[in-house]
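Several structures are given next for inspection.
In what comes next, chain A is part of two complexes: it sits with chain B in the first one and with chain C in the second one.
Our next item is the complex of A and B:
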């Protein structure tokens, strides 16, 4: 009788959580995990540029006669371009693009240095490189001009960056048009295989590299590595 | 006396959503723990966080041929089916090369039986002084399975160093050391199918490389 009288006076008890409800959540876990991964790879909350391959190692001589190596540029984001001393009007669009990029670098507010290297494929002397820099309006603090002997150039430009070049008539050269974006670890992250790529595209890629360099430390590194694994590349 | 009887008003003050709190927290904790375990490679599925930098090359590394012990030609493709670790150095190297090779020795010890599936190759950036015999003697001092390769011309060496981002340049040393060579001291890991997979900077520990290789070997 005691059991019949007690419920009328006692406050209502909290109902126990049904076992079915707990099992439901347990089954939901892998579904949530799969949905989370799908959301990450489709929505791409973190975007990265692909790690295409290693950029070539090199030892060149710059416009001041100093050694410029792939190790000198380690830790910096570098945009490589290619030219030769006599290219004149042929290279004018390239020069215009790089000058425009040079002018827009401050808007990136870069904590990681961004620099340009123009490799002269014609074994240019430091004096010729300095003249090239002057005609291009280059700020040589961030825009370097460098060259080497024909054999090293062949390995760096042809073998390393994969661009074809050969001497043509009248001191000109046949040269594949291209720009290569390399990160601070010396990894090739973007190739622009055209005479003049869209400057906004290059700026976007510079921003992505900067964000990765500045934010992929500590726990955020996991998000960036996941972005690489799930190929979260910009569309 | 039950807790409800001790605190008769307690159950009625809890909002309705409170009963869902515990399962939700449990699911979130499980989700987080699962993600961390997957990522750290504790669970045998899912992506893994490496100690080195992961490279996603779309094509295998170009083959090369250099010269090993007894000046026999040795190609990268000879090691297809093994994980290859490439290191660039020279036998007169005063500090960086022996330190790196010592870590690779530690790596082999940490790998245990799996070490049989790994081939360490040191490529000389000083073919002028590093004869095949001297190079082989040098590398086997660290581990009997290590191989030393050298080139017969600068082109032989440049063909390997350039695509792997290795720079090297001769400069003056002391009377005792002779000339020295500045060089990039990274380690490159090539998987069983010939793809460049990981890059390590100088200073990496052998046990960390071994941990990564256990995943690469399984792939």
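Our next item is the complex of A and C:
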């Protein structure tokens, strides 16, 4: 009788998973979560540039006499620089940097357009802007030159981008050196102040902005938002 | 299985719950309210910061009065050097010029220290009006903060980090004047 009963009772011998065992693993979840967050913020597998502030809105006149506005540049990654007609040797390093960047843009294989805007702080006319573009060797398809009247320039450059400038002697200007990188949403993402930035630094920042723009939809965007949250900025 | 006392178990549970709550708080503040961790504006050499030839932030090497600059109508920036025991510009008790701005102006402050750690809080001289300017000033780092001063009057910049024997005398004057 004992041998006949054995097969029927076999399934009931399987031990249920102890509840204590399950609870033990449940305790591990917050620990794993905390470890995961620590790993993410220390190792920075996803890196982003900080969202510094909204870039200023503007309406300027470009080298062709056409209106160039912040809305025209919406959807594009834009590197802003500042100059004046007689800045000569002072602005030469800036011109060299932008020319070199212009030549290296194809390397990035950008899905989002990358353009440059040089704002002339000396109320330059379209003809003067065109001459400035020519002397800088600018490809005006991607490198725009723009200016406006003194009052508007003060609001855009001083009030908006926060760069101090004032007229100096002999048609020169006292101008704080600065370059501003703005993303397609019109948010200031990098400021290069007081010195001409290294071209590799700017290329790295452009790559980061492009990667973020390419992952701005779908589940990957949450990883980028988390990178902003945990300040995963490049070192 | 190891015996855990009931009160200890409750403590463990409360700790874990707190962990989760804090993680959620960080997530909500970041994703919902967009709060980001503040970063130093720039790093500089505190030894040469005021040297016109060697400063890696030359604006700090300008004379005190020239470090109060109008960016645009109603927009100013002020570069303040903190050192034992004065703010430059600001500390009138040490012969520094006061900072004068028109009422309604938005002012971006850049602060750095030449020596030790200082602090800064800006309040009205009578203590009745507070501002959002409240920060640490560290040697080698530049702190940046923007504030709007709508109410005319005299404001004091007060060092609130102990910085040596005369720490209590370290304050600066900011005058918000009617246009």
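We take it that the second predicted complex is superposed on the first by the 218 of 235 C-alpha atoms of A that agree within 3 Å, B and C clash if a C-alpha of one lies under 4 Å from a C-alpha of the other, contacts with A are read in each partner's own complex, and residues count from 1 in each chain.
Quick note on the criterion: a residue touches a chain if its C-beta (ideal position, glycine included) is under 8 Å from a C-beta of that chain, and two chains touch if they have at least 3 such contacts.
Bear in mind that the values here come from a model prediction, so they are computed numbers and not experimental data.
J.: Contact-wise, after the overlay, does A:100 reach chain B, chain C, both or neither (first, second, both, neither)?
T.: A:100 sits against neither chain B nor chain C.
J.: Is A:35 touching the first partner chain B, the second partner chain C, both, or neither of them?
T.: neither
J.: Just to be sure I read the superposition right, which of the two partners does A:201 touch: chain B = first, chain C = second, or both, or neither?
T.: It touches nothing on chain B or chain C.
J.: Go through the superposed model and pick first if A:27 touches only chain B, second if only chain C, both, or neither.
T.: It touches chain C, and chain B stays clear.
J.: Let me test your reading of the model: by the given contact rule, A:51 touches which partner, first (chain B), second (chain C), both or neither?
T.: Once the two structures are laid over each other on A, A:51 reaches both partners.
J.: Check the contacts made with chain A and report whether chain B or chain C touches more of its residues.
T.: With both complexes superposed on chain A, more residues of chain A are touched by B.
J.: Looking at A:69, would you say it contacts chain B, chain C, both, or neither? Reply first, second, both or neither.
T.: The answer is first: A:69 touches chain B but not chain C.
J.: Return first, second, both or neither, reflecting whether A:150 touches chain B, chain C, both chains, or no partner chain.
T.: In the superposition, A:150 touches no partner, neither chain B nor chain C.
J.: Look at A:159 in the shared chain and tell me whether it touches chain B only, chain C only, both, or neither; answer first, second, both or neither.
T.: After superposing on A, A:159 lies in contact with both chain B and chain C.
J.: Looking at A:176, would you say it contacts chain B, chain C, both, or neither? Reply first, second, both or neither.
T.: Once the two structures are laid over each other on A, A:176 reaches chain C alone.
J.: Which residues of chain A are in contact with chain B in one complex and with chain C in the other?
T.: Comparing the two interfaces on chain A, one with chain B and one with chain C, the shared residues are 33, 50-51, 155, 159-160, 225, 228-229, 231.
J.: Looking at the complex, which residues from chain C come into contact with chain A?
T.: 1, 12, 16, 19-20, 23, 26-27, 30-31, 36-37, 39, 42, 56-59, 69-75, 77, 108
J.: Considering the complex alone, what residue numbers of chain A touch chain B?
T.: Residues of chain A touching chain B: 10-15, 17, 21-22, 25, 28-29, 32-33, 36, 50-59, 67, 69-71, 151-152, 155-156, 159-160, 185-187, 222, 225-226, 228-229, 231.
J.: In their complex, what parts of chain B are in touch with chain A?
T.: Of all residues in chain B, those touching chain A are 4-5, 8-9, 11-12, 14, 19, 22-23, 26-27, 30-31, 34-35, 39, 47, 49, 53-58, 154-155, 158-159, 161-169, 182, 184, 188, 196, 199, 201.
J.: Can you tell me which positions in chain A touch chain C when the two form their complex?
T.: Touch list, chain A to chain C: 20, 27, 30, 33-34, 37, 50-51, 154-155, 158-160, 162-164, 176, 193-194, 225, 228-231, 233.
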